[in-house]
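Chain nomenclature is as follows: A, B, C and D, assigned in order of appearance, with residue numbering initiated at 1 for each chain independently.
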Amino acid sequence: MTIRFAILGAGRIGLVHAQALKEVAGAELVAIAEPFEAAAKSAQAKFGGDLRSIDDIAVSEDVDAVVICTPTDTHADLIEKFSRAGKAIFCEKPVDLDVERVRECLKIVDETEATLMVGFNRRFDPDFMALKAAIDAGQVGDVEMITITSRDPGAPPYDYITRSGGIFRDMTIHDFDVARWLLGEEVETVIASASVLTDPKIGELGDYDSANVILRTASGKQCVITNSRRAAYGYDQRIEVLGSKGMVSARNTHEANIEVAGKDGFQSPPLLNFFMTRYTAAYANEIAAFVQSLSEKTTPPTTGEDGLRALEMADAAVKSVETGQAVKLT
Amino acid sequence: MTIRFAILGAGRIGLVHAQALKEVAGAELVAIAEPFEAAAKSAQAKFGGDLRSIDDIAVSEDVDAVVICTPTDTHADLIEKFSRAGKAIFCEKPVDLDVERVRECLKIVDETEATLMVGFNRRFDPDFMALKAAIDAGQVGDVEMITITSRDPGAPPYDYITRSGGIFRDMTIHDFDVARWLLGEEVETVIASASVLTDPKIGELGDYDSANVILRTASGKQCVITNSRRAAYGYDQRIEVLGSKGMVSARNTHEANIEVAGKDGFQSPPLLNFFMTRYTAAYANEIAAFVQSLSEKTTPPTTGEDGLRALEMADAAVKSVETGQAVKLT
Amino acid sequence: MTIRFAILGAGRIGLVHAQALKEVAGAELVAIAEPFEAAAKSAQAKFGGDLRSIDDIAVSEDVDAVVICTPTDTHADLIEKFSRAGKAIFCEKPVDLDVERVRECLKIVDETEATLMVGFNRRFDPDFMALKAAIDAGQVGDVEMITITSRDPGAPPYDYITRSGGIFRDMTIHDFDVARWLLGEEVETVIASASVLTDPKIGELGDYDSANVILRTASGKQCVITNSRRAAYGYDQRIEVLGSKGMVSARNTHEANIEVAGKDGFQSPPLLNFFMTRYTAAYANEIAAFVQSLSEKTTPPTTGEDGLRALEMADAAVKSVETGQAVKLT
Amino acid sequence: MTIRFAILGAGRIGLVHAQALKEVAGAELVAIAEPFEAAAKSAQAKFGGDLRSIDDIAVSEDVDAVVICTPTDTHADLIEKFSRAGKAIFCEKPVDLDVERVRECLKIVDETEATLMVGFNRRFDPDFMALKAAIDAGQVGDVEMITITSRDPGAPPYDYITRSGGIFRDMTIHDFDVARWLLGEEVETVIASASVLTDPKIGELGDYDSANVILRTASGKQCVITNSRRAAYGYDQRIEVLGSKGMVSARNTHEANIEVAGKDGFQSPPLLNFFMTRYTAAYANEIAAFVQSLSEKTTPPTTGEDGLRALEMADAAVKSVETGQAVKLT
């Protein structure tokens, strides 16, 4: 059985998902909705499918599932619309930047018994999956302490920062989800510290560029997240997990696997510098997992609930920075 | 302008090239020739195109170029046939295992002014390309000494060994080509040593499983090649190049970029274990380079001449092992 | 000019310092004070010098400096005694576990104008020194975010834990000092989280075995410290420093610099497992730095003030864990 | 029982051995013979012992063993003299550059039943010892193929080159010994290739600066040695051993174990650049092994026979380069 898809939004991430659909067995791209005509036609030329409006897609009988790649502030409305339309839904995080709006939206998903996968691409990165598999295979014993290092090569545009919900809701949210995935227990307490170190303008816009977070579960497991908006050497994405029997770590990916040795030492290339390059395989795997869950009629691996929990942790981090206190999640 | 392709042979490597054609802009798969019906239909279902006979393809006006993926002993005949048919030709190495037959064949290519690319996939591996780029950028100064470590995870089937032309013509031939590519001068002298260490049956079949070769150019640059048919830890493919200003090395690719630390130490996964997995990107880049050379009407990056030279080096290595003498190439 | 030394206490660390004195030019071991006769004689046989009582050493005209290697609870008294006796003093951290007692003691040092070096061995580790030199040379630009990973292979004996002052005063105190050394600004705020994960008995004794700390300076620079009393793979001692222009990191030291590759992957040996083996060079460099400061009549590189600051940070960490609040240092 | 030593020659390597004697339990330095008065007095000041002539030492009843650190052309004579004098002898390689002279000398050693250790320091390097231990523990199964990379940071002075016996007798000789140690079988065939690439003057002096050697045992095991007199990145000393079950490799030692990441990539420091720094521990271990063999009255781990075999291999390599033929050892 082939799952028939529509892509909503043919911007950068929309094209990534269209490419992923092309490569996955059991999926077919039937329609694309994109308001900009040039972008729409270009996407159609590359990936096929009809060009339709979002409203048309909602009533298209030949569409089983949609991939929402529109701007963040439309996510919740579209999830509700397509839940009611009886379509399966894949939506990149976040559902919304406001936790109440997310809860409302998930209620509709629940009532309509819609299938919703909220994309947290990092869970689908091959190296992080290998790390998780090592944990699940008992190679490090009981998980005790996690360190997530997550640094962007550079800050996003100021314009984006003002709409992003702030570093914790935009950037750390991925790390919150990874922490939940790896800790194997819900986080109970969030402690955060944030500064403006790379660009004072970021502070003027009400955001931070450098943050450290400590998460703690009821049983005392802990996770440290360390974020920066500026890593001159590339997109720094590392995880290490200490357990009772040892440690497993996922290392960075360099532009090439070579080394040049000379009188000043041994040099290897910078890290992959862009999230789409770094996580190419993750985006493909993520859509494949969605297709598989639809085919097998199982719950998608990352749900609206996962999106909600990560957002609650982000809110708690903001509060912890503001109050200087450890914040309990409820 | 789109180059219209036919694939001759839809076996394992044929499918790899069909996939590569699908991903390359400017190429279109028009026809597939494959004698086994099931394989032919399966390939068509996945990649499209008509099913035609080789003879039909030779006279098909809608075919600009062919990719020869048939058994080795058909390569020379097919290259001649399609040279005369006026098609551009991509053929995986080798043209033939017999150097005289190769010379004859290349004469036809020459006379018909056909375009022939003989595939040496390693030149198109991203890490090896980065290593070459570092050399070309002068990062190691003048090239002096090269070490190529090239070991298979395990020996091929006995049946294949008897048809392979022996380790130097089957396996080392890739390293001979890499050596020529990196030395930047033609090799003048070949010295080789070979043993049977992993399986006596390989010796009974008249072949070796363990070999070391020293190549030397007229100016005294040297390259060592070390081969084995058994590397328990995976497909070991490394190059290092010492120059007057330093060294550049290309490292192996592991199954995942993780590390597990425990009481016995720090462990990272084995190497990618299969040449098609290890060189996935190389196969795609190779076809892309062929398409590009056709589009731009330039000489393909690896030619019949390259195939001939590598085979001459293999013959010289065989002779060196047999005589215990350094063998000069003419 | 040779500085004439007495060692007070010929236990494990006393012997390390005696060995260091033997190797340092400009130092001479004149006397050893050790109450256990067998230990005293053994030390004398190996390193020479007279056996004298502590009181005798305080009045020995042929002793210029003492190295205090007695139990922690005698440090402050001995520092005061030898300050008054006009001897230069080297004392391993801590001066005392009680911050008020430390302040009192340092007041005596101040009044007597004694020279006091409080040993923080990590500042003298060759790799950490190379990391510091890279920072000082501007290789990473302005320091912004530091991550210190510091994990013991196993917990100390229960008996020691009860006397240790707790994980922050015993173990993290080294990391507090390293953080101060590398941040280049005084720490203003301490946030800490601690759990008992490796052994419930440690919790029953009122201590923790797993801790994360976030330090922040007035300008917003941050340092994360992550501690555990159990790292199955050895003594894990790493530092990484993110700056405006890049990152410098100091890696772990393995038992040997080899790698074994087999069907299960690539394995390198565990880390050096014992602080005296891991920091052998650091202990020697530390004493050499003390001798040098005495010879050149300069302030020792680590002072009583450094000891006090690190202890204040430990106290703040304890308070932060107890209150769930960020604690400001005064 | 303490072994009482005399050092013959207090030059650079003599001082290294004097320091080693100082650190080894069970050894005592009794006398130093050194013709240059300043060097002699300086050595005595640092390490103690009487200053005596070589002739006096040969008849000193309080000397059990000598360490020969005089120029190469005196080694054979001194070995004979002290064999006859009934002293145990440690001599750095080589016994002599002429294989006939070595055979004569070893005959005297044999007749006098003297104990002679010829120093091959690399066997005593901690990393190489760990590699050997992994082989002996069966971690790589049966040894099949070895690659030894051995490159100097720069060529020795021209003056030294003329007296050195050439690259194979001076530099590769260490690798020949390592090969014998690790192969576990005697080498039967030597194939060598050598060039002048780094400095034409070296060629004018009749020597080479770049060489590759293939060694083969009767059972077909092979070892490749790759040498250069110029490695811009430091003293490159690596071994890898492929066996039936995997590979073990010993990696290089860097100046410090740090890494600096910036916009141009990740950089670690150059290699230790000087053989005495790189092999400090090896020199100490070597003397300790000699002292131990004397104490336990066992055969020293490296004998005159080992020195002879390595020299024969060097001679064979020279002959192979000159004739272009594989040379059989007899």
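As a convention for this text, a residue touches a chain if its C-beta (ideal position, glycine included) is under 8 Å from a C-beta of that chain, and two chains touch if they have at least 3 such contacts.
Predicted model, so just to flag it, every value in this text is computed and none were measured.
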### Summary
A student comparing B-C to A-C should find more C-beta pairs in contact for A-C
### Summary
Taking each chain's centre as the mean of its CA atoms, the one lying farthest from the centre of subunit D is chain A
## Note on the structure
Per the C-alpha means, the centres of subunit B and subunit C lie apart by a whole-Å value of 57
### Centroid spacing, where centroids are CA-atom means, of subunit A and subunit C in whole angstrom
42
## Note on the structure
Note: subunit C residues in touch with at least two other chains are 231-233, 245-247, 261-263, 269
### Query
For subunit D, which residues count as touching subunit B in their complex?
141, 144-145, 147, 149, 151, 189, 191, 193, 195-198, 210, 212, 214, 216, 219-222, 224, 226, 228, 230-233, 236, 242, 244-247, 324-326
### Query
In the complex formed with subunit C, which residues of subunit B make contact?
231-233, 254, 261-270
#### Entry: Touch list for subunit C against partner subunit D, complex
126-127, 130-131, 134, 139-140, 245-253, 255-263, 269
